[in-house]
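Paired with chain B in one complex and with chain C in the other, chain A is shared by the two complexes that follow.
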Partner chain A sequence: MSVHVEELVVTSAGRPLVDVADVGLPPGRAVTIVGESGSGKSLLAHAVMGTLAPELEARGRLRLDDTGYDVAERGNRRHLWGRRMALLPQEPVLALDPTMRVGEQVAEGAPGFRSDRRGGRRRAAELLAALGLGGWARAHPHTLSGGMAQRVAFAAATIGGAGVLIADEPSKGLDDAARDALAALLRRHLEGGGVLLTITHDLDLARRLGGDVLVMRDAGVVERGPAEEVLDRPAHPYTRRLLAAEPGRWTARPRSGGSPGGAPVLVSADGVGKGFDGRSVFADVSLTIRGGDRLALTGPSGSGKTTLGGVLLRLLAPDSGSVRHAPELARGRLQKLYQDPAVAFPARVPIGTGLRDLLHRHRPEPGRLEDLMTAMRLGEPLLRRRPGQVSGGELQRLAIIRAMLLDPLLLFADEPTSRLDLATQQETIGCLTDQVDRAGCGLVLVTHDRALARAVCDREVSLTPEPAGVPGSR
Partner chain B sequence: MAAGRAELVLVTSVPLRAAARQVGSAGGAGPAGDGARPGRLARRAAIRRVLAQRCVQAVSVTVLVSTACFAVVQTLPGDVAMRIAAGRYGYDGVTAATADAVRAELGLDAPAWQQLLRWWADLLRLDLGTSLVTGRDVGAELALPVASSLQLAAVALLLAVVVGGAVGTAAARRPGGLLDRLTTVWVAGARALPPFLLGLLLIVVFSVHLGWLPAVGHGSASSVVLPAATLAVGLSGLFARVTRDTVAQIGGSAFVAFAETKGLRRRAVLVRHVLRNAGLTLVAYLGVQAVLLVEGVVVVESLFAWPGLGHALVHAIFWRDVPVLQAAAVALALLVVLVNTVVDLAGLALDPRPRRREVVP
Partner chain C sequence: MSSALAASPPLPRMAVGRLSGTQRCAAAVLVLLVLFAVAGPWVWPDPVAQDLSRFLQPPGLAEPLGRDHLGRSVVSRLAHATRLSLLMALACVATAALVGTLAGVLAAWRGGVVDTVLHGLSEAFVALPALLVVLVASAIADGGLWPLYAGLALAQWVEYFRVVRARSAVLLGGPAVEAAGLLGLGPVHVLRRHLWPDLAPLLTTMATFGLGTSVLALSTLGFVSVGVAPPTPELGQMVTEAFPFYDEAPWMSLAPVLVLVAVLLGLLGLRGREGGS
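The block that comes next holds the complex of A and B.
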């Protein structure tokens, strides 16, 4: 089993989005495409799979073993789906039907499920158990963590026994442990003689998969070669820039303020604990946050970072202990940035309309919005667009502007860049820390990325769950 | 960041029962159960909450509607006792003497507020009173109308859901296509056409000209067709529209795309994922339709002489039969509450996601 893509061109209204002469996917050797969002790497995957959006035109040939397929024709690969080609979706939390139990969602992809439902369900249960999710078949997707949902999606995509697996940004929003577990799953697919094409902006995942790496930029491939060569000794300047955007390699930037010990205490938590449905998430956490602080809350997904954040913000009531807020934080001086900016803006209202309402209500000094827009390198025309019409990085910067307009004393950022690619993450975090510094405002950063936490914050509170049973281990 | 200033605090969270049972915060979905016991407990609490809310609503609706009916009858022109006497003895038998006898017998000369209080007190004892005209118990009097109205409403709803749902699903396959545009015309036409006109049209075509179906009555099974169709036409248009929008929206979601690349056939994707999720919205929409249904029932039943609640209501107003009038109006209002309760419970059964968030006061 092997796949060859030849002379693939994807265009939108005449503008080329993908223009790649030749990509070979040999069995047993990972092929990984890295690059910024908008470089066309996801479109390449969808063109191979035959799932491009109808408004895009595609040309080119696809050879699967000895059979040739015309990429321009949409429906000609549908009969391969699930049996010979499978797509591991990005954002597995969204790719699972929220109303159906996960076991059923895995089982329905099993060959012969239509005639033998019981057999399909049995195979699904075995597969889930092999992925460390035994006993979760009857759970609904909203009860899973991101890493667990990714494993369910992996089971659902591969139960049909497809030899060609295409993974589109599979590690988006996953923590290190879940990402490593995912890499192990993908490698296992390769060891079984499978073909693997991975699209990612996560260079660590690319390193772990090995094989060949293709670097894409502006619709074309700028560099390709064995993973260790491209990622350790990049030849193209763009690849070098991509590598430099990893948080672990950021050059330290001097801070103007520093963490002032004598600053007033804004939030103090005293022995707080919280659990859900009788299961404790964390217990006896005490900490204080002062003005100008930079605190990171880290830990793998499922460790309760977001829950602790909710308790500190007093959005959740603690089961034990108490959280006190300084009176200065009242009237919107405590702001929160959300993980997914798209859900923090109303989808059908132009962004500027919401911001104008905010100006009208809180009356910050005139010109503040324009100053912030300039500082964030955002153009005024953006304000006339809706949230779906700007990029994720731009939208998150607009969310930062929205928070900073209220002149907050403390900004709480919950995984603000986990859905952005590395270069956009660096830019967004740069804008965030600049603004926080300039306003002398405290920052609490919730992240699963220890490198990012170290690059941004002075202090780190790490939530560690039980070490046993790392997700993905058998 | 200056490394020297970095400070590391380690907080070990309490050991979880088993590592595989960790529940994520990554999805942002909030509190979560492991799909087994805690989830079921939360579900039961939600069901209790719905039932409690709807019980309160039923009581308040009963009091409000019956009081409003009472007020309306009081302000109607004409002597109530005269109209009731006419209802009992016929217009020829009405004299001042019989009217006075009726007035004395029914206590109609008592002040209005005393009559209202008496009705409330009776209601509290679940005593609906007796019909002023026939002298029979109101409960017995309304048993047949309630059953017939329920039958009519059920057939009409079923018809509207099947026709509207099928047309909407088909239209969603090609937004902007011929069927989609026809649906838009259908929606506008069905809403613009008042039920009494539509009903007359159906009678003229199917009973008078074609002779296929009976125009009035309740005797045979075929007699329900025309009144139910009249109601269903009005309902089906909007239902088709909502179905089309919902199915199109869900068809574009990530989980439907994933279901397709898993290798499911189109039919399986439609039935197992699209319609299942569209059902959440559509079931909720049925609750809205219930109000439209009640509005239609009164007109359509009078038109087709269908012995239902709407029919009973109109006659009770005509003969100033206040207890029957109040009971019929209350029954219609409770029908709306009942439909909405069923809709809420169905929504809970279909959608497992929690819908309550706690916020610290």
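The block that comes next holds the complex of A and C.
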């Protein structure tokens, strides 16, 4: 089984979004497409699958073994779905049906499920057990951690026996351990003679998968070759830039001030613990945060980082222990950045309208907003748009602006870049640290990315997940 | 204060050019109905003047819909009845929407006892059929308009309450409102920027349906003779009165039915996409 894509062009109103001459997907060898968001890599996957949005036009040919398919024709690959070709969706938690038990969702995809339900359910149970989810067949998706949901999605995608697997950003939102497990899973698919096309901006995942790497930028492929070669000795300047954006390779920025020894204590937590539904998420955490501090809260997903953040911000009451805030933190001097900035703005009003309320309420010095907009390289027209009409990176920078307008003493950033690609992450973190430095404000960075924590923060508090069997809660 | 924000963005409004064909037709029907309800009683002022010598007079130039079994002008009665129906429906829907929305936001915001009490109350109203509430109210009312209005509004506030409460609870518990709290923005901001923009399209759709339901409920009551007391003209009551004469004077029964159909089709046709724009 092998797949060949030739002369693939995807356009939107005449503008090319994908223009790739030829991509071969040999069996047993991973092919990974990397690049930043907007480079067209996801569209390429959807063009191959035949799931492009109707307003896009596609041209080109797809060869699956000896059969040729015209990419322009959308429905002609439908009969292949599940049996020959399968798509592993991004953010599996959203792709799974929230009202359906896991085992049933997987079983549905089994060949012949309509006539032989029992056999399908048995295959699903076997498959889930093989993926280490033996006891979870009757669980609903929202009780699973991100990594477990990804494994369920993998089971659902492959139960039909599809040899060609297309994975679209499969590691988005996964922590290191879950990502390693995912890479092992994908490699196993290859070892069984399968074809794998992975779309990702996660270079670590690309490294782990090996095989061939294609670097995409502005609709085209700028560099391709074996993974080790492209990712260790990149030839194209764009690839070099992409690699330099990995947090582990950031050049250290000089910091004014340095680590604060005598700065006043802003937040002190004393033996706090919190749990949900009788299950402890974390227990007995003590820490102090001083002005100008740069603290990282790390740990795998499900270890309670966000919950601890809520307790530290006093948005949640701890089950045990106490959290004290310095009086200076009152009146909005403690701010928070959210993992998904789109849900942190009122969804149906232009961003500028919300900011105007803020200016009206707190009356910062005139021109402060314009200065911040300039410093973040954001244009005024963005303020006229709604949160859903602005890209993730820009919106997170707008969230930083919104927080900085109040001159906070402490900024709590909850996975602020985990949904952004590497280049955008670097830019956003750069803006964030610049502002925090200039204002002499403390920063608590919640992240599952140890490399990012080390690149940004002076000290790190690591949460270990509570004993196994606990469904992840964020 | 800042040039970046001075130029307020034009809010997307429903422009006539963006209405679909169906919506334009529906709007035209409703405009005609409203015109008839406003100008009709002025042109044909007296709906109760009897002239038994003109018993069941057929339609003519002076009386476009003829005269009924008591020699009263049918067009005058129809115009007055239409005005009554539309005004009552508007008043009932406005009251129900206002009360339901306020109670819903209050319940979602305060939670605790307030929520328990209001939710329990709405539960009790859901358990009763809406028309039963209105029937009881109008039985007590004995033909008066005010109890009828109160009964209709009482039967309708529950749906607004329940929708608004559910949606507000989601919004108020969400990160956007949490962020607004951290930013020190008060309840006015939360209401104006978070809740209202999200609830308004929902309420518009519900109110459109509510108007139709109210007009229909009022005429149903008139039809079974527990609504507005004669001789005040009312659409349902007019249909009942005309029944014995449908053979000799079909226009008498057809006219109020036609108005009812036009009101309902107009309101249903106006319904656009919810939550769009």
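The rule we apply is simple: the second predicted complex is superposed on the first by the 465 of 474 C-alpha atoms of A that agree within 3 Å, B and C clash if a C-alpha of one lies under 4 Å from a C-alpha of the other, contacts with A are read in each partner's own complex, and residues count from 1 in each chain.
Throughout what follows, contacts are C-beta pairs under 8 Å (C-beta built on N, C-alpha and C of every residue); 3 or more make two chains touch, one makes a residue touch a chain.
All figures in this text were calculated on a predicted structure; none of them were measured in a lab.
S.K.: Consider chain A as the common anchor and indicate whether chain B and chain C clash or fit when overlaid.
M.R.: They clash.
S.K.: For A:Gln335, is the partner it touches chain B (first), chain C (second), both, or none of the two (neither)?
M.R.: In the superposition, A:Gln335 touches chain C alone.
S.K.: Touching A:Gly291 in the superposition: chain B (first), chain C (second), both, neither?
M.R.: A:Gly291: touches no partner chain.
S.K.: According to the stated criteria, A:Pro234 is in contact with first (chain B), second (chain C), both, or neither; which is it?
M.R.: A:Pro234: touches no partner chain.
S.K.: Figure out whether A:Pro247 sits in contact with chain B (first) or chain C (second), or with both, or with neither.
M.R.: After superposition on chain A, A:Pro247 lies in contact with neither partner.
S.K.: Taking the superposition as given, does A:Gly132 touch the first partner, chain B, the second, chain C, both, or neither?
M.R.: first
S.K.: Touch check for A:Met373: first (chain B), second (chain C), both, or neither?
M.R.: The answer is second: A:Met373 touches chain C but not chain B.
S.K.: Compare chain B and chain C by how many residues of chain A each one touches, and report the one with more.
M.R.: Touched residues of chain A are more numerous for B.
S.K.: Could you look at A:Leu315 and tell me whether it touches chain B, chain C, both or neither (first, second, both, neither)?
M.R.: Both partners, chain B and chain C.
S.K.: Between chain B (first) and chain C (second), which, if any, makes contact with A:Arg384: first, second, both or neither?
M.R.: So A:Arg384 only meets chain C here.
S.K.: Using the touch definition from the top, say if A:Gly304 reaches chain B (first), chain C (second), both or neither.
M.R.: first
S.K.: Based on the A-chain superposition described above, do chain B and chain C contact any of the same residues on chain A, and if so which?
M.R.: Common to the two interfaces on chain A: residues 315, 340.
S.K.: In the complex, go through chain A and note every residue touching chain C.
M.R.: 313, 315, 331-332, 334-336, 338, 340, 343-350, 352-359, 361-362, 366-367, 369-370, 373, 380, 383-384, 402-403, 406
S.K.: Going by the contact rule set out above, which residues of chain B touch chain A in the complex?
M.R.: Chain B reaches chain A through residues 1-2, 5-29, 31-36, 38-39, 41-42, 253-255, 257-264, 268, 272-273, 276-277, 280, 350-354, 358-360.
S.K.: Note which residues of chain A are touching chain B in the complex, please.
M.R.: By the definition above, chain A touches chain B via 49, 51, 78, 81-83, 86-87, 89, 91, 93-101, 108-109, 114, 132-136, 138-149, 153, 156-157, 160, 162, 173-175, 252, 255, 258-259, 273, 275-283, 285, 287, 299, 301-307, 314-317, 339-340, 454-466, 468-471.
S.K.: Touching residues of chain C toward chain A in the complex: what are they?
M.R.: 1-5, 8-9, 174-176, 178-180, 182-186, 189, 192-194, 197-198
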